[in-house]
Amino acid sequence: MEELEEMDLKDWFASRQKRKEIQEVIKQPLTTDEYCALWKQCFQCRELLYTRDLRTNLDVCPKCDYHFRVGALDRIEQLADEGSFDELDADMRSSDPLTFFDTEAYVKRQDEATRKSGLREAVLTGLCRIDGHEAALGCMDFGHFGGSMGSVVGEKVTRLTEAALERNSPLIVVSSSGGARMQEGILSLMQMAKTSSALKSFADSGNLYISILTEPTFGGVTASFAMLGDFIIAEPGARIGFAGRRVIEQTIRQKLPADFQTAEYLLKHGHVDMVVSRNKLKETLARLIAFHKPAPKVAAEKKVSGEPSAAGRT
Amino acid sequence: MEELEEMDLKDWFASRQKRKEIQEVIKQPLTTDEYCALWKQCFQCRELLYTRDLRTNLDVCPKCDYHFRVGALDRIEQLADEGSFDELDADMRSSDPLTFFDTEAYVKRQDEATRKSGLREAVLTGLCRIDGHEAALGCMDFGHFGGSMGSVVGEKVTRLTEAALERNSPLIVVSSSGGARMQEGILSLMQMAKTSSALKSFADSGNLYISILTEPTFGGVTASFAMLGDFIIAEPGARIGFAGRRVIEQTIRQKLPADFQTAEYLLKHGHVDMVVSRNKLKETLARLIAFHKPAPKVAAEKKVSGEPSAAGRT
Amino acid sequence: MATVEKKPIPLEFEQPLAILAQNMEALEKQLSDNPELEGDLERMQDQYNSLKRSLYSNLRPIDHLAIARHPQRPYTRDYFSTWDPGWVELHGDRKGVDDGAMVGALLEIDGIKMVAVGTQKGRTLRDKQHCNFGMPQPEGYRKALRLFHHANKFHLPILCLIDTPGAYPGLTAEEHNQSQAIAENLMELAGVTVPVVAAVTGEGGSGGALAIGVANRILMLEHSVYSVITPEGCASILWRSNDKVSEACQAMKMTAKEILQLGVIDQVISEPLGGAHHDYQTAAENLKKAIVAQMTELLKLTPEQVRKDRQDKFRRFGSFR
Amino acid sequence: MATVEKKPIPLEFEQPLAILAQNMEALEKQLSDNPELEGDLERMQDQYNSLKRSLYSNLRPIDHLAIARHPQRPYTRDYFSTWDPGWVELHGDRKGVDDGAMVGALLEIDGIKMVAVGTQKGRTLRDKQHCNFGMPQPEGYRKALRLFHHANKFHLPILCLIDTPGAYPGLTAEEHNQSQAIAENLMELAGVTVPVVAAVTGEGGSGGALAIGVANRILMLEHSVYSVITPEGCASILWRSNDKVSEACQAMKMTAKEILQLGVIDQVISEPLGGAHHDYQTAAENLKKAIVAQMTELLKLTPEQVRKDRQDKFRRFGSFR
């Protein structure tokens, strides 16, 4: 996947489409690897699922509704209108401000992460349309470096927020993260403040921000931009929290409830507005965006009275 | 005390002062009634206290710090600089909007309340100075109709708030109330909204409001202006809450903690900024008012830089 | 409509009517065998109709209370789903609790988008427990407050449906500062710059009702009640007796008509004969029309005007000399 | 000062110094009987001084961590009461909790009135439990937020003292939405229009520290530390070992000097030799001078400028290509 770094996102989608078509044409006996690629077992109900069916169902188990993790590219495909996604800051990459080394150098770990995920960083950001509505969309990818937030994730989310503000577009961020990226030390921590500060200006502008929490979202991401949405939506079964389950168990020395930190638990405890199934997510976003859209100018002009702007929108 | 109704507040203070002087001159053997007037037993520690000493100690038991209830007139004397209190709306009285009758007519109960308390209504409001600082001061009196809030209490507190706003004075309200006055029905309830609405405008003006909760403060008063202070101060031992202890015990069918709804319990549960002893109350108010006073003009002019108003006050 | 409409359960004061209806039913069954009974049945029907008319046109305050509390009375969720079958529910105070007694929603009614909150009593036992019998905890009021701020931010008008015995008088409710939750709502709702319309659909119980009732326009359904304290509470304090609830109802002037006369509310919305539980659709339709009409008027005001209109309204309440 | 200053307890890396001091003390006792030992004592004193200098000028990151966590290190209440003996404490989140781990105050320092908050670790065991070892619950952050809004309303500058291992990782802390509490503080503190000065006085632990650290100027005491995760957490995740804490300290660059070099903070405040716990007065005085100087500068800005200054500062943080 080395060449992927030189490819832009649209090429990637195109080539994947091509690969899909080729797969459908060639019918030959399967190798074990191919068999494994074609079938996937549900983590929850253990059902054996045909990979293509699973994809068609947006990576949701049709039997038990288990929501598989979704990468940033697939997520964009699921949410953005076809061909509408225009990526921002595609080339931005981490540097190594601390020349960090644990059992391996940070730069080496970055390369590994890219090889594994096919992505340059743990978030993809861009402008797109959702059911025809313009929107600024950021999607995190847990598959890249555990979705951890370093300088690049912070900067890209901040720039996306600024881009949305500039265009008076709604902002939508799909989070999935293990937390801050330790390898960038204090600079990672500061990304929490940087993104939140940008969101303060965005909130003051009166534009709409919808945060979507997906399996898993923890630490510095939850404790900053992910919890600051005008609406906060969680995917079914997603685990979301500040501290990890094990850390808490070690601290309080008692067992936690089985559903602790699940989306449903959060809903019960008032943290999120709603839990929405993945196959309803796009239409829900579209509905919320439409609901909060200022009335078009023509409607305002149609008003009989010459009084200034109405306090409400019809 | 019938003639009291025709007296204004300053006359009352003056005549009391005279009475005090007379008492000190005449020394004769005491009747039982006189004896009872001279001595009072502490409700908490059972100590027998010399009434005059108790008064000098602001009606706080010198042995166990029990805070006796204080009427509105005494409270004003304790808090306002001598002779500075200028009463507002002294003549305002309840009407009887529902022609309410339970086992007795509301109008009759009003007369009884006045006979008992020597006051026209359950709150006295006015402008005064506190340690030299101008302030708008309202003091409720539990001794009048259980300190209940009807139209007059609501209107007087609202007008006091408006007067404070007009003068950019700090607003101080000492609450003591059993709740809304049932005999004025829905109009009593609306006083909660009326006072809170006035306080919203006051808050927007950036002026300081200090609410003081004293034994006892409950129901509609707690659930409106009494809980809306920039600072909320409670007197030691005062019982403060929304619902009464008995109602709650009947509802949840379990015993409540002994210190439930006391000032100290509220402090522990984060409802109030501080619990302040009565003999520190005036100096605390003065300190808070001084702390939040905008810097005098001269200080601002002394600034070297020609830049507009500083973000902070020195 | 989410709830199946069942045959209305008769209230105590409706017993004569219920007995008559039973008799008529019995008579009807005999009719095929005894056609001569037709005349009797017709007379009974006349008798029934006139009794019904006289009964419902001479309701005592306590009868209104009974209708307002009728277990089949339409609740907030029933209205929301009648008006906008695709309504979006919004949960939670963001700080630890999603109070079932307070429902939050995005609604679109006749093309008007709004943020709506409403107290919810619950229908089944389990449901009732989840909703705490319609008595919000402080967190319920804070959920409403969060949505008021949302509405204000996005210039969406606010609708509040009120049907609650009152704020919950419990241990943790007090610990979590029920008073502050109510007081803050009164203050913040006074200050929003979008139109607020409130409707008492059942019980308007004290500060717990008012906490979502600081509105530009306040409506009451014909048989709903609104009072400073529950009549039971009033009777036990003033009469020191649990038998005097009817007297307390009478004395407090808590019916829609009386409160309109006192100038506190703006409009009484008529209900189907016998009460909203006899015909959800009509009740919902009547209320909807009034809400839409009031909202439409208020939406013509500027943000400053709409806030001033609301604050001026409450500034006037009171009676003194 | 509220706390009595005791003889400093030596840290592990200070053991050679402590042994030398003990020997000197023993020698001193023999001095009256054996005056010829005077020369030995002088030599030992020289040795002690040079060891002390070399020890404290070559501290490893983990040594700074040990000093930052020293049980006798001055805490928030010590600083407040040194700077303003009549400081007024403000309690509570108004919603059910007064978190002992977060202290709120009105302070007047050198004539500058300010609202101050700070994490507090606690000195005695009982005190530590009350303060939850300096780890705030969500309600602690909400208390701070309430005071930030108070400061903003009354145009008072804000001071934040940071000394916390981090936000508390507990069951109810999660239930009450620790993430939201921190996130909201980050957002709201970014937006206030009054000057904000923060100082890390001991441990600056992760998001729990940053939640009161979005300031125009950030100071760190010489031996304090500030990190994205505790070094123990970092070691256990990256090295999968509890023995690698020193390596983690080193790798994360968490000392005041390193963080200054990374451009995240504005000033390192010197401490008395060996650490603030050797001399509270001097530590407090040094910190006070810096705070007053920074506040004085910031108070010259307009509200809009001071907010922009803060937002611009955080906008710049990050390293990418």
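The first chain written gets the first letter, and so on, giving A, B, C and D; residue counts start at 1 in each chain.
The working rule: a residue touches a chain if its C-beta (ideal position, glycine included) is under 8 Å from a C-beta of that chain, and two chains touch if they have at least 3 such contacts.
Every value quoted in this text rests on a predicted model; they were computed, and no experiment measured them.
Asks: Where centres are the averaged C-alpha coordinates, which chain has the largest centre distance to chain C?
Replies: D
Asks: Among B-C, B-D or A-D, where does the A-C interface recur, judging by over half of the contact pairs matching in residue number?
Replies: Answer for the repeat of A-C: B-D.
Asks: So how far apart, in whole Å, are chain B and chain C when each is placed at the average of its C-alpha atoms?
Replies: 36
Asks: Distance between chain C and chain D based on Cα centroids, please, to the nearest Å.
Replies: 55
Asks: Whole-Å distance, chain B centre to chain D centre, using C-alpha means?
Replies: 42
Asks: Can you pull out the residues of chain C that are in contact with at least two other chains?
Replies: 94-96, 175-177, 180
Asks: Could you say which residues in chain B touch two or more other chains, in rising order?
Replies: 203, 269-271
Asks: So with touch defined the way it is at the top, what topology do the chains form here? Options are line, ring, star, complete, other.
Replies: Other.
Asks: Okay, what are all the chain pairs that touch?
Replies: The list of touching pairs comes to A-C, A-D, B-C, B-D, C-D.
Asks: What part of chain A is in contact with chain D in the complex they form?
Replies: Per the stated touch rule, the residues are 92-98, 100-103, 151-152, 154-155, 158, 180-182, 184-194, 196-201, 203-204, 219-220, 222-228, 241-244, 247-248, 251-252, 254, 256, 260-261, 269-271.
Asks: Which bits of chain D are touching chain A when the two form their complex?
Replies: 167-171, 173-180, 182-184, 186-188, 190-191, 206-207, 210-211, 213-214, 226-229, 233-234, 237-239, 247-248, 251-254, 259, 262, 264, 310-311, 314-315, 317-321
Asks: Applying the document's contact rule, which stretches of chain A touch chain C when the two form their complex?
Replies: On the chain A side, the touching residues are 203, 206, 208, 227, 230-232, 267-274, 284, 287-288, 291-292, 294, 303, 305, 307-314.
Asks: Can you check the complex and tell me which residues of chain D touch chain C?
Replies: For chain D paired with chain C, touching residues are 94-96, 138, 142, 175-177, 180-181.
Asks: Any idea which chain D residues touch chain B in the complex?
Replies: Residues 86, 88-99, 106, 108, 111-114, 139, 143, 150, 153-157, 193-195, 295, 298-303, 305-306 of chain D touch chain B in their complex.
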